[in-house]
Amino acid sequence: MSQTPVLALRGIFKRFGAVQVLSGVDLEVHAGEVVALVGDNGAGKSTLVKTIAGVHPIDEGVIEWEGRPVSVSRPQDSQHLGVATVYQDLALCDNLDVVANLFLGRELKKGGVLDEVAMEKRAKDLLSTLSIRIPSVRIPVAALSGGQRQVVAIARALVGDPKIVILDEPTAALGVEQTAQVLDLVERLREQGLGVILISHNMADVKAVADTVAVLRLGRNNGTFPVATTTHEEIIAAITGATDNAVTRRKARTAEAAQ
Amino acid sequence: GQAGGGDSEEKGSSTKIGLLLPENKTARYESLDKPQFEKAVKAACGDCEVVYNNAVADVVKQKQQFDQLIADGVKVVALDPVDSAKAAGWVKEAQGKGVKVVAYDRAIEGADAYVSHDNNKVGELQGQALLAALGDKAATAQIVMINGDEKDPNAGLFKKGAHTALDGKVGKVAYEASGEWDPKVAGEKMAAAISSVGKDKIGAVYSANDGMAGGIITSLENAGIKGIPVGGQDAEVAGIQRIVAGTQTFTIYKSPLQLAPEAAKFAVNLLQGKDLGAQGETDGVKSTLFAPVVVDKTNIQSTVVKDGIYAAADICSADLAAKCAELGIK
Amino acid sequence: MSTTPKADEKAQVPEPRTPEAAAVPAVDPRLLVRERGIKGYADEFKRKIRSGEIGSLPVVVGLIVIGVVFQALTGNFITSYNLDQITLYAAGPGIMAVGIVFVLLLGEIDLAVGSVAGLAGSVWGVLATDMPDSLAILLGILSGTLLGAFHGLVFAKIGVPAFVVTLAGFLGWAGLQTWVMGEKSTIPTPIGSFVGDLTKYYFSDVAAAYGLAVVVVAAFYLAQLRDSSRRRAAELPHRPQSEILLRTGLLAVLVLVAAYGFNQEKGLPLSLVIFLVILLVTDFVLRRTTYGRQVFAVGGGIEAARRAGINVAWIRISVFMISGTLGAVGGLFLASATGGADRSLGGGNQLMMCIAAAVIGGTSLFGGRGKVWSALLGILVLQSIVQGLNQLNLESNAIQYMITGAVLLIAVIIDSVSRKTQKSAGRA
Amino acid sequence: MSTTPKADEKAQVPEPRTPEAAAVPAVDPRLLVRERGIKGYADEFKRKIRSGEIGSLPVVVGLIVIGVVFQALTGNFITSYNLDQITLYAAGPGIMAVGIVFVLLLGEIDLAVGSVAGLAGSVWGVLATDMPDSLAILLGILSGTLLGAFHGLVFAKIGVPAFVVTLAGFLGWAGLQTWVMGEKSTIPTPIGSFVGDLTKYYFSDVAAAYGLAVVVVAAFYLAQLRDSSRRRAAELPHRPQSEILLRTGLLAVLVLVAAYGFNQEKGLPLSLVIFLVILLVTDFVLRRTTYGRQVFAVGGGIEAARRAGINVAWIRISVFMISGTLGAVGGLFLASATGGADRSLGGGNQLMMCIAAAVIGGTSLFGGRGKVWSALLGILVLQSIVQGLNQLNLESNAIQYMITGAVLLIAVIIDSVSRKTQKSAGRA
Amino acid sequence: MSQTPVLALRGIFKRFGAVQVLSGVDLEVHAGEVVALVGDNGAGKSTLVKTIAGVHPIDEGVIEWEGRPVSVSRPQDSQHLGVATVYQDLALCDNLDVVANLFLGRELKKGGVLDEVAMEKRAKDLLSTLSIRIPSVRIPVAALSGGQRQVVAIARALVGDPKIVILDEPTAALGVEQTAQVLDLVERLREQGLGVILISHNMADVKAVADTVAVLRLGRNNGTFPVATTTHEEIIAAITGATDNAVTRRKARTAEAAQ
């Protein structure tokens, strides 16, 4: 792992109207590192990655890229740096077909004209890598199932040549097989030396692929843990802010009932 | 009377005369009527001031403009109504407040004075001119009539007048429709007329005004029809130019040089309480009605050019120079 | 399969670690495929009719119905003269409708297109009297581009809804038009001006119309063939030869009949050639270039497009520039058709007709779905109705208006009903 | 907290098994709350300005600017006479704009409202000559309802885009209007008809205007007070007394000044009373009834509304009926203001003005956001501009059009800029 | 468990354009039973529940309610029978606030007028039951985080008095604590004698709360298993249609690496 992080956030503040969503959040991602960003619903995870992706400008704080502070005010800025983002709400164009969505903004061309044949072929290859069946790559994404849409969004991030890949709950809608493929993919990305930010509510997945877990709670950092040496319970306690929470209670109850 | 509290007598101003014109798609209102009216008012009453507005063919707007004049204390208004029938009501109201109204160009029931070119007469003249141009072919000729916008009450008068002149004297009116005062619509109607009547069967075309005549003539040229009489109205420069070029036969000239000064005279007299000096009476309204004039190849010089409405240079562009010379326009 | 090497590099994806993982086919086995032969076509056609995926079919049927009805009513509607006249008057509004299609693809509307046309016409008219013709034309068209850029800027940069910007433009430019015209209510087209030729010039040589027809058909055939063979080479689903021949045949019949019609009258109209060139160019831009793709993307979802790194503001501004430019070109056609610039040029129902043409042709008002060809189909429907009704010689325009309204409604009802089936079949 | 027992039963939710589970507060601790006292208000106001949550403020500011500018230009713009005139002419288009607000809330548009107004006016005019006045009025208004129902049915049941249905209506009803009028181009208002009174009757007793003002203010105060106390009783956030007093005070000043103005002239105009009643009723319907909630829901997302069990088709039809009815009422006002029904009633720019009024007032064109009060604010802006420009006596009316366009644009730019801030603050 | 199922689907067919999504699907739900509906991405699960909910009419087949065949062609029909549905795509009105969304179609009224105060109070109670923090119940749902929106959608289904509750991937976007609460909720619903259809890709959740697992594969039934006697692996094999799949391969690999 390199010394300067590829991407570093320092003291990020973000407010929407009367809600102070982020208050002084720090985060570091190194090349070849998978950072899991976890936290309760509404903790501010998606808002944080959207500031990195240039969707919302930050109010205060510094975004550093390979050690230098950069300004990210539009999605283009972030893409030019080399950040590929898979949003929680997917952000696909419903009227365009799968191929057009996959290559949107990075179309393959031949003599200045769109090379539909090449794009269609590449799209099929990409999608089979992720083990998904789609009726036809030429139907509008509006007609796809939840999981199919999610896979298309993930595949989008792989077109291009990113240095950091941000995945905001990529496996939420995926089947068991597709989830396994995505986890495989994350590991491949790490092996290729990319930095990955993975947001997930699934602790098993997080423990399986992440190197570091950064916990966000009510818009503030609530600890960063190396995965290898941290237990499930410790992470959940950091997320919920209490060792006595609905999860532990439920577990206790189920255990009782099982006896 | 800023706060509007005072009664109308105090607010009255004896130096303002209102002039309300109906629309601005025809250039004549703002380029001729208005300046002529102002000039004549200045000449007759040195410290009088003309307050002008244009309704852009919108009745609601004209009513507001009319009310505004009254509120500003104007005592005499020369009104060219968008809708004469409605204006009759306004006039009654205004008269109740001691305001006098000169009906300008279009008759208003119950007005204090009326100056116009008789619109019915305009239509008749158009019809007669068309008959004259057809000569002895008239009795068998199939006529195409493109009328003005149905929504414009004056268009109905032109149409009625033309029918008075034409009905029974021409072969038949083979096609008749409204061109909505729009050259494009008129052109499309003409194309349809050609299609349904037949290219070589059309004897003459009646166009309610010169603007539409432009579109109509383009359509005729397109179908390769030449040399049939086409008449218009308004003596627009483009119409006069077509007459010179020989594509249009005649137009009707309603001189604002007569209308505006007469209306100005009435207005000033009403303002100063003098005798109107009207030439007659129409429907109980003291009035002066000028005869509209048919302008064709022969009398361009003696009408619009002589009156100074257009200089010869306005009409005689480079490509018309030869023909102008031929017609003696200078 | 050949791509530019650069793009190739960018699209790199990490190879799957376990090759067997790629074994799952990306295509769903539940996709119904067409059987071979005629029966396959018939089945597919039936299914498509039932589920409403019939593209422009309803409009084409509507056009035929209109033709037949008016022929029955007037006895001389289907004539080469009428074909010629309809083409002539359709060109101007049709070109304006192409601009509207671009704006509709964004999910926006341009209410100013009529006023822009009028203003551009006046600008040209006023300048043409003391300037070389070509310069006046250029400046007239540029004035449209400029106005469009203004609409686009205010919309994209300040965030005023396009409806309001162009409403302001609709009022403002009509005023400016009157002001530009000054003293004159009409400026006749100067003799010899190219604007006059726009609707007056005909390629009267019989070979012109037939020649163009043949070139168009051949080009269509070759393009289809090439695409199909490239797809086959890349092992993608492709159109079989037989289907390509069928489509080409249909096109050939249509185009040759039209050519014959024009040759019966004065030959191939210049206006049609220009309109077709504009359609072909804009269609190419929309379907085959990155720019076109981005227009569709913005129309489909602004946020998604923005996040994909598309410069949404630029797309918006440029689309309004296109609409302004085409509006101005349309304005020159209008001027040409009526014999010159006038104060009412582009006013009246012009605007509504252009928008209606685009919509009748099948372009969605809600963005992201449509083709420029809908401008052609829509304006043909509308102009045929106008011509037919005019020919009926109804005493009053009142009835004509009512009928236009009714026919417009019926035309779109046919379309909507078919699309409704489509929607319930999950494809809208 | 008291609810009807029935509703109470329906909203049953299984009680949590472990009571502690409900311990997490539903409110986010990150929500910034206002500090107590004046400083709190000032802070919040500053924050709201900065983030653009300022409601109708820009339009109100715009209105003031317009007033000041015209006062400076003409020297007698801010007079009670003008107040009276603006109100009088604003009532008709304003009422039509209320209907447009309903349609816009659905995210649709009604292009036929002007033609409906015209047709309803003609129907009344024709019938009024041989029928009791009240019956003629009723039938005139019903004709509007009927036309609206027709638009709604074709839109909701057949699926033709509302834009196209009402475009067809725009053409068709204008034609029908001319046809209904028959030979007559104008039918002056019969003497003694209530339609004449619509814009001519004034409650000239000074007590009327002041009385109404006091009643309005008192009703506002009591409603606010009651709401606040119910919320306090239910332990929900509520407006403090001081804020209620402040709001009531502002309203009182505004209303009393207006009343004073009207009393300086002819008293309280009947047209204003009717307009206000329509505003109050429609506002109540939209904000306080299930129906209104459903209108917003359909405007916010048809699919979501449909899945929530809302009868989307009925909402659409009824909204177009409301728009048609209010259009017809507006038509009677237009007829009243100009002295009768005529063939061009409701034509011209009437339609654009109504839509512009709704949009300027802040109702979104994209559905789901807006209030009926925007019709009032918008039409006041537009009518003030018209009045002011009429007073300026401009040399040429061309310039008047341009200025209207420009002012319209500026008014909306102010609004858009503020909303843009709001958007970037995540609240749009 | 009662003898006649509350809801039974018999031979349901559904086609979208050229895609035959469902082919003869059967399903039964009894009172007091939690049926987990599982399957690969694009298997047709959401389409199936949408046909029950009246969003799409079925092409062929029979829907039986308490033994009688019924016709369900609009969402209202389904609601009147007593089916409450939480859709995968949530189906909230973005422009309305949380309270309005919760009670949409079932507003509390007082004298014919909306009773905002009662609704707001009830909304707060409902949301705290599900352990979610929301900045304010008066902000439009468009401003909520993914998980917050999901909770609002779930809470919506509890307003009213359903006999069957359908949850399409209800916990996909939820945090650990909220997931636990939703699983608790499902158990409470069962105890109250309601039938529940739960769609989920999370086998742990399915095994925790479901009584029966129905597997859908490529639009056809692929077995119904009682949870108590079926292993994880058997279900996954039924879903993927093979015992050798990405999941088992990944597991094998991970196990290898761990050794």
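Labels A, B, C, D and E are assigned to the chains in the order they are written; within every chain, residues are numbered from 1.
In this text, contacts are C-beta pairs under 8 Å (C-beta built on N, C-alpha and C of every residue); 3 or more make two chains touch, one makes a residue touch a chain.
Keep in mind the model is a prediction, meaning the values are calculated, not measured.
Think of each touching pair as a link: the shortest run of links from subunit A to subunit B has 2 of them. Traced through touching neighbours, the fewest hops from subunit C to subunit E number 1. When you average the Cα atoms of each chain and compare centres, the chain farthest from subunit C turns out to be E.
When each chain is reduced to the average of its Cα atoms, B sits farthest from subunit A. Inter-chain spacing, taken between the CA centroids of subunit B and subunit E, is 75 Å. Remark: subunit B and subunit C have CA centroids separated by 40 Å (rounded to whole angstrom). Among the residues of subunit D, those touching two or more other chains are numbered 18, 21, 28-31, 178, 349, 396-398, 400-401, 426-427. Those residues of subunit E in touch with two or more other chains are numbered 16-19, 42, 131-136, 143, 181, 184, 218, 246, 249.
Shown for subunit B are the residues in touch with two or more other chains, namely 24, 150. Chain pairs recorded as touching, per the definition above, are A-C, A-D, A-E, B-C, B-D, C-D, C-E, D-E. On the side of subunit A, the complex with subunit C involves touching residues 53, 55, 74-76, 79, 85, 87, 91-96, 100, 103-110, 112-115, 117-118, 120-122, 124-129, 131-137, 139, 143, 155, 158-161, 181, 184-185, 187-189, 192. Across the complex, subunit A meets subunit E through its residues 16-19, 39-43, 46-47, 88-89, 131-136, 139, 143-148, 150-151, 169, 172-181, 183-184, 201-204, 208, 218, 236, 239-240, 245-247, 249-250, 254. Against subunit A, the residues of subunit D that register as touching in their complex are 18, 20-21, 28-32, 47, 51, 53, 424-427. By the touch criterion given at the top, residues 111, 154, 158-161, 163-165, 167-179, 349, 352, 355-356, 359-360, 365, 396-406, 408-409, 412-413, 416-417, 419-420, 423 of subunit D touch subunit C in their complex. Every residue of subunit A that touches subunit D in the complex is listed here, in rising order: 15-21, 23, 42, 56-57, 218-219, 246, 249.
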